[in-house]
Amino acid sequence: MNPDRILECMAEMHTLTRLPRIGWIMAGVPDPESVSDHCFETAIIAYMLAQQIAEPVDMGKVLAMALFHETGEVRLTDLPRRSAPYVKQFKRKAEQDASVDILGGVAESVLPLLEEMHELETLEARLVEAAEELQIIAAAMYYAKENRGDMSEYRRDAEKYDPLGIGPAAAVAEVVKRRLGEYLGEKPYWELGYSRHSVADDRAKG
Amino acid sequence: MNPDRILECMAEMHTLTRLPRIGWIMAGVPDPESVSDHCFETAIIAYMLAQQIAEPVDMGKVLAMALFHETGEVRLTDLPRRSAPYVKQFKRKAEQDASVDILGGVAESVLPLLEEMHELETLEARLVEAAEELQIIAAAMYYAKENRGDMSEYRRDAEKYDPLGIGPAAAVAEVVKRRLGEYLGEKPYWELGYSRHSVADDRAKG
Amino acid sequence: MNPDRILECMAEMHTLTRLPRIGWIMAGVPDPESVSDHCFETAIIAYMLAQQIAEPVDMGKVLAMALFHETGEVRLTDLPRRSAPYVKQFKRKAEQDASVDILGGVAESVLPLLEEMHELETLEARLVEAAEELQIIAAAMYYAKENRGDMSEYRRDAEKYDPLGIGPAAAVAEVVKRRLGEYLGEKPYWELGYSRHSVADDRAKG
Amino acid sequence: MNPDRILECMAEMHTLTRLPRIGWIMAGVPDPESVSDHCFETAIIAYMLAQQIAEPVDMGKVLAMALFHETGEVRLTDLPRRSAPYVKQFKRKAEQDASVDILGGVAESVLPLLEEMHELETLEARLVEAAEELQIIAAAMYYAKENRGDMSEYRRDAEKYDPLGIGPAAAVAEVVKRRLGEYLGEKPYWELGYSRHSVADDRAKG
Amino acid sequence: MNPDRILECMAEMHTLTRLPRIGWIMAGVPDPESVSDHCFETAIIAYMLAQQIAEPVDMGKVLAMALFHETGEVRLTDLPRRSAPYVKQFKRKAEQDASVDILGGVAESVLPLLEEMHELETLEARLVEAAEELQIIAAAMYYAKENRGDMSEYRRDAEKYDPLGIGPAAAVAEVVKRRLGEYLGEKPYWELGYSRHSVADDRAKG
Amino acid sequence: MNPDRILECMAEMHTLTRLPRIGWIMAGVPDPESVSDHCFETAIIAYMLAQQIAEPVDMGKVLAMALFHETGEVRLTDLPRRSAPYVKQFKRKAEQDASVDILGGVAESVLPLLEEMHELETLEARLVEAAEELQIIAAAMYYAKENRGDMSEYRRDAEKYDPLGIGPAAAVAEVVKRRLGEYLGEKPYWELGYSRHSVADDRAKG
């Protein structure tokens, strides 16, 4: 790649430092973490988990997966969970196409890693995925501790956390779940933004 | 609709006050306007333009179009221009489906308005569309005046502004274009984030 | 109005997107809604309420009232409740004069609407006023849900909410009050900033 | 004063750390200085100027004037220049009344200082006033240097700066004016928000 | 000092309005007070406390101490408590050297005051120190009231508050402690960031 | 390490997402990138550069260096350049000690990497260092493009950029330098905050 193209690629990836993680915006967190923060912490957590397990791990692969796994969001931004019913059938293809356009020549080495991560079969893929989900519930726990936004929805994420066979991830998730529970206490959860009411239903009720 | 459902609808529309207009984020504007700000100003501008024209205007229709025209973004968020190649074929359907789910019984009166606005045939539809685009270039001009972000991309928006036959909109757009030009001066435009490089191209250049 | 004057008017109204609602600043809400957000939501709520009642409503009038009712704040900013003892006798006149200067030719159609809203006699006026107050207590409820600032003062606003004869407004306010109560729990209210101590009193206590 | 009353007074003065200086908001400065920042810097500058002059200065008086001179804004907030035509006849009285209510027993020592500052006769009063205005044009110069907001309006403030006989203040203001000019260059000034158009005028022009 | 040097000094002190108090950042407070806010409030509180005591106080000295006591942070920034084990032996010297470089000729009058404050022997020094610590626990109490960040660590600061013989400071601190306790309730404290684990310890535990 | 200790380590590293890069604060950038953003982008850039060179690279080592190279800042925060004269003799030792305390058992694998990076001898160390400095000048260029803060100081950083023998880094730095120059134009540089005036000097000048 020529220097202009490398810089263009750097500048696009830099966009991730500007994009807030949309789930936290929806939950009312003031000044929430960026997409790049999420990637950074996922990488850090994956590294730490890898130190705790016996099997050898390809660390270059693990960290690259963690760092590049949101590349598509450079152009598509971070879509919230509640968008799933409307976008899920085409989202993955859109992310892949965008990633190729963003990364140019670098895509040749990155895309197979993202594919591997998606398949969740190799140890490295499971490690990064377990780290990513752990990052999310840990963030919810920090925010609950600091009263930043309404974290009641994330009780469920902590509850159904799947460590994908990574022992230390399961153990840490237990501590996160306990602490999140302590910080949230009896706080009620108002399930907002997920309903799929029909016009007919509302007319009947009116 | 029952009161719980009305409140749910209010709370979802409230989300628009939390969502930053993503184009400004991409342009590096610190603390940019929200989607609700964009709708508010579009309505204000449409009202003002309507005062300047001779034909009678259905003001209830005009203002409702302006206020509700981004309803789908409650669940889909504000997608940037650069996402167009990846999402354009399904975006409108997704917005419509999301709007129905968000608005419930209120959708019965709102959706036909959004459809009318999309068709751009009635005077009211053209008025709101002309106001919306005027809001965007005026915002770019305010930001350029205040040095907030890189507005060089919006020279082109001002250049190709289409007033859709609304005379006063055309006249105001001319003033906006002139002022934007004065504030931007010779500032270069770096077209970032729109390229569609192929891996093969990059390999060839490397 | 000539195009320069229309743009000046647009630019002044745009100021409302920069002004934070001061009550939330006083309550310690980080990054609170703007005055324009308040107007936007008041309009949205008024529209929804109008859909729920049997009487015919002049929607153009309702939405214009909601959108322009804070025009004077463009130059006077949003004064907090605690300023009332010092400014109440001249505030309304100041807002009216400022509105005329801001709106220019547009004032001819807007000012009578603001006057009508102030009188609270027509259905449209009551609808907008009921929507405005509902917007405030709903915002307090969202902030309480999200732990943003100290909302204990707003229990009283919810308690004394006056729907002005708009049935669905009363019903929604009941739900808001219940939810606000749940989120606030036993939180104490410290009445700060309203005292009118005399120097003599403090000397006696000292 | 009893401890509860002292704390109430502390808590009200603390409000000044939450209030943005409204002039900077109007000029589009992102995240501008607070009223307390303005008071802090005014005090610092007054202290520095006092070190440069031969006459003896009552420093306790100077610093107290600087620190408390915006007390009334605790309840009235910082009103922008453009509000002057609408509020100037009652603003000073409102500020005085609010200051008494805020400060309670402390008002006995503070109010005479604010009165002295207002008269601009003593050396201390002139020193603080000269420092306050110097703070404003220096802030405009820092913001111009950092591209934060549109500082073109403040050229005039620098131009007409009155050092009130404080020699070093005049000398520093000259440097500020020169630097502000360098940072602003040829930037045009759009006088927005001060016009006092009559409806009749606009009708004539239309 | 020549005007350029005075302006340089002003501009450096201005930096304190940009620096967030780092302890609040660590506690997750969104948009926390600046170092200048801390100095401003310390000065205000010291002034108020001085009004409540019988002994005569040199107010110029008191306020100057409060305003300049963080001068070194202009170049060193506000180091958090948890940095103490690594920096305590050289921090004071670094602050003194930086203060001299920042203040230039003004240092001649300021440095002896900072030295006096450090010794905690004179009434003025004790008054400012008592005010400074009172500012910190009062800020924690405001933040707890407003749900901004995790204030559980500051229970201990309130508990061990030392009024240094200033009676009214002790009385106000009691009210602050009570209110802080009410706002925090049973909230657990997680002592994070202070541990000094050895690698060996962790290996043993693993 | 036990799960509580791993979570503690995660939570401390998470602090880096809250710490603003202090150089940008000093330059007046509103809402600047965090320390974690800097690490994330350094890693991304190092990865891209590694793809452009012929020699084989240990990618796990490269990415881990980039991600952990600011670990000490968790407790020491990001000290600005202007602090160098006061802290340089003890800063490195403080960072090392803090890193050990933060990372616990993970320090065993991380510290040797940070040591290797410091030595700048291996290809991996040079690659990460070249990426880190490239990240800084590229950020200055993005900020200059977006008018965020005063980037005039960074012309010098771009000028003296040392690619440490990494060819593509040198080539990209040339493009960055050119673009930075275009965006800054003739903007003057005011060297503020680095002077080391003696009191005697200022007295002479006064």
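Chains: A, B, C, D, E and F, in written order; residue numbering restarts at 1 for each.
Definition applied: a residue touches a chain if its C-beta (ideal position, glycine included) is under 8 Å from a C-beta of that chain, and two chains touch if they have at least 3 such contacts.
Every value quoted in this text rests on a predicted model; they were computed, and no experiment measured them.
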How short can a chain-to-chain path be from chain A to chain D, counted in steps between touching chains?
-> 2
Given chain D and chain E, the chains that contact each of them | C, F
Shortest chain-hopping distance from chain D out to chain F | 1
Relative to chain E, which chain has the most distant C-alpha mean position?
-> B
Chain centre separation (chain A, chain C; CA means) in Å = 38
What is the distance in Å between the mean C-alpha positions of chain A and chain F?
-> 26
Give me the residues of chain B that touch two or more other chains.
-> 1-2, 11, 28, 30-31, 52, 105, 142, 147-148, 206
Among line, ring, star, complete and other, the chain contact graph is other
Tell me, which pairs of chains are in touch?
-> A-B, A-C, A-E, A-F, B-C, B-D, B-F, C-D, C-E, D-E, D-F, E-F
Quick one: which bits of chain E touch chain A in the complex? Just the residue numbers, please.
-> 27-31, 147-150, 188, 190, 206
Residues of chain D touching chain E in the complex = 1-4, 6-7, 9-11, 13-14, 16-17, 33-34, 36-37, 39-41, 43-45, 47-49, 51-52, 58-64, 67-68, 105-106, 109, 134, 138-139, 142, 168, 171-172, 174-176
Note: in the complex, chain D contacts chain F through residues 30-31, 52, 142-143, 145-148, 179, 182-183
Within the complex, which stretch of chain D touches chain C?
-> 1-2, 5, 8, 11-12, 15, 18-20, 22, 25-26, 28, 74-80, 82-83, 85-87, 90, 93-95, 97-98, 100-101, 104-105, 107-108, 192-193, 195-199, 201-203, 205-206
